[in-house]
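Here chain A shows up in two complexes: once beside chain B, once beside chain C.
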Partner chain A sequence: MIGKMYGKQFVPYQVVWEITLKCNLKCIHCGSSAGRKRPEELSTKEAMKLCKDLAEIGSKQVCLMGGEPFLRKDWYQLGKEIKDLGMDLLMISNGYAVDRDILSKLSRLEIYGLSFSLDGAESSTHDYIRGVKGSFDRVIKAISMSREYDLPITVITTVNRLNLKDLPRLRDFLINRDIAWQIQVAMPQGRFSRDLLISKEEFYALGLFIANLRRKYSVKELPVIGAHCFGYFSKYIPHLGLSKQWAGCQAGLSILSIKSNGDIIGCLTLPDDFIEGNIRDISVVEIWESEDSFAYNRKFKEDTLGENCRKCKYGGVCRGGCTGVSVSLTGEPHNDPYCFYAIERERGF
Partner chain B sequence: MINVNKKHEEWDKLWNAIKDIAEVLNIRKSDLVPNKKEVEEQKSMNISVDTYSHGGYYGTVSIKDFIQK
Partner chain C sequence: MIPTVFMRSKEKEVSEVYHEESPNLYIMQGFYFPSMMVPKELVEIAHMLDLDEEDIEMILSEDANQEEVTITSPVDTYPGGRYGTVSIKDF
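Our next item is the complex of A and B:
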């Protein structure tokens, strides 16, 4: 099926763009070890050209993130260009530096989605994970102010062993607030230490927690999803995303990611081995349309499934779960061990 | 034919494996009755990998994605 989709049939509908690696927080789970900006981040001129190229290859949504995207001085100019080219704009922020000027600009841009990272139900948890005292108060204030501007808000919670216990209180905070909730799992990449990774049992229980929220509360009361790291094909847990079913990792198929130095990669959670090229050497259009790009997904064959997935009856469709998780935990794609179905088989559920 | 005893046995095993964490997450065994029918219905659907609807989000979901679904 995938083999027949080569060429123009692959469209990077969604783009995730790290516009700077500069960050004002020091999160212990940061997969890209953000803090200082990269040595050769794209200039405004290069970034504006990139916006045009993305529109040319059919992108529909561009999500700007970091680091902390609002620390890049030309963020508004880039956001406006994205909008002027007819694409939806989304942004992910830690909320620390968000003020009324930023929110007013986002309102003018008619942003499609504004997401804030909230990793604890109280300052002690959130501030510890985020590495800066006062970051909890700042993000709560940013969320509160954003509501005054009627912006479409999402809260992203990245779960590790330290904040698992906070989830019921975060749920209580978010119910009936017209805020979406995206729950995802921290993986041992960048600064995140493997000893804070939740266990497979905790992962499974977290899946049931999200599934239970989706049964118990209407979308109006609590619009919640599990991110792409949750799945797949469980006997008991329905798919936790917005589509009806997991259809495999979309990196390089319908998703494209960009690092702040112009490196092109299928997903920002993947290590540098997966970089397909840099837009200073070759345009994003050529990278996307190259026959050799994103081979791990575009030229996927079932015999490349790793040992965790080789005997799975869903392997051909699932393609081994989340590539980022798989590479992070096993060093190879198509081998994601954090899989509900695999856990059920291992434990005899 | 569904082996009811086996199903219950599997479910008990699952609950025993996660009950401590479930308690932390404020979920009860009765909250977790497996909705197998729902899961099976999803699996029988045609799966498309060529669309924008692979999840409606990457990087972050927007609350507008929920409204549109």
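Our next item is the complex of A and C:
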């Protein structure tokens, strides 16, 4: 059924690539527990070959992230290769080490999207979450400098109980600045403590907040989305993403992710059980085209829906929400409890 | 104004729903809203997020119209994964 939806062949239109796990911050919500680089991260030669393979299997966009991607010395070489192969380049950074040399290179690369993580409206919140004093001032400076280079900027805010209250002030900061805003929810993975997870009520209110922003402000004033962790099929809250409707988790269907050691996985939010293989053993082309890969999504059947989603009338389309959230909170895919529709049903809305 | 969740019936007349479903329903502008349904915490959080009652009402009164869900076309742009990013160029 999924195959029919997307044509005969799955295409990894979007690739999310952790090029290093090395990081200069110590974020309390980091799902990857980034800091030191992984043992045996890909060499430049291996990474360049991977770029060619991604183009071969039809990728259109490659997003380089970390860790902190600018700490990998050959990031520009990889970015240029991605561009030369005709794919769009995006990067996600914490902004801490971003300088004019980096921004000048990104401008030359005609980067499609440059995203900075901003998790508070003031230094006390952001620096606490990011684990390094001064990180707020650095990212604000990076955003400001990026605007001078006319780069397409996005701010990503990962919400937990500590920064929920900062969102209105972040909104005020971002309005009319020609900066996109991606709001997402921190989940108990890696270093993030479950104690700081927002409650279902907070999650629902956050959905209302984003919906209200989209109603009140034009795309020109404030282009904002809720990430894939927001949804699904609410009676009241419209879809908060850019696609017309939630079409289910795209890991292994139209999205492919890569770890810095060459492990291939549908989404970097998923634990190691979901690794499909390593490019040092088998090429990404073979992994992607294997009938056995990404079975949780490609061979999805409604009877695999978990307890939270089994009786839902949207289960067949939704496939149980965000796989990363579902696994993080319940230990299994297709069972995402952070769901607007489920909350409405629980509460009798 | 009491913070509310609107309940709208497409099939029934106002009075029918009012009497059948709950004696506690308020009727306003053609909508039904059982005010007790919204948890107090939700309203408090909504206030923290600068949402006032009017904002909540406006969103919740707009039927997201999700009843008929058909997705048949290929998904060739689907930005916004939690480990990924949307670009301003996607808007």
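The working rule: the second predicted complex is superposed on the first by the 343 of 349 C-alpha atoms of A that agree within 3 Å, B and C clash if a C-alpha of one lies under 4 Å from a C-alpha of the other, contacts with A are read in each partner's own complex, and residues count from 1 in each chain.
As a convention for this text, a residue touches a chain if its C-beta (ideal position, glycine included) is under 8 Å from a C-beta of that chain, and two chains touch if they have at least 3 such contacts.
All of these numbers come straight from a predicted model, not from anything done at the bench.
When both complexes are overlaid on chain A, chain B and chain C end up clashing with each other. Look at A:229: by the touch rule set out above, it reaches chain C but stays clear of chain B.
In the superposed model, A:324 makes contact with chain C only, not with chain B.
Touch criterion not met for A:192: it reaches neither chain B nor chain C. In the superposition on chain A, contact is made by A:269 with chain C only, not with chain B. Of the two partner chains placed around the shared chain by superposition, neither chain B nor chain C is touched by A:75. The interface of chain A with chain B overlaps its interface with chain C at residues 5, 13-14, 16, 60, 63, 65, 90, 92, 112-113, 115, 152-154, 156, 164-165, 167-168, 178-180, 182, 201-202, 204-206, 208-209, 212, 215, 219, 223, 225, 228, 233-239, 241-243, 245, 247, 250, 253-255, 317, 347-349. Considering their complex, residues 5-6, 37-39, 41-42, 45-46, 48-51, 55-56, 58-64, 66, 69, 71-72, 74-91 of chain C touch chain A.
Residues of chain A touching chain C in their complex: 5-7, 11, 13-14, 16, 31, 60, 63, 65, 90, 92, 112-113, 115, 152-154, 156, 164-165, 167-168, 171, 178-180, 182, 184-185, 187, 199, 201-202, 204-206, 208-209, 211-212, 215, 219, 223, 225-229, 233-239, 241-243, 245, 247, 250, 253-255, 257, 267-269, 314, 317, 322, 324-325, 341, 347-349.
Within the complex formed with chain A, the residues of chain B that make contact are 10-11, 13-14, 17-18, 21-22, 24-27, 31-32, 34-36, 38-39, 42-43, 45, 47-67, 69.
Taken in their complex, chain A has these residues touching chain B: 1-2, 5, 9, 13-14, 16, 60, 63, 65, 90, 92, 112-113, 115, 152-154, 156, 164-165, 167-168, 178-180, 182, 201-202, 204-206, 208-209, 212, 215-216, 219, 223, 225, 228, 233-239, 241-245, 247-248, 250, 253-255, 317, 344, 347-349.
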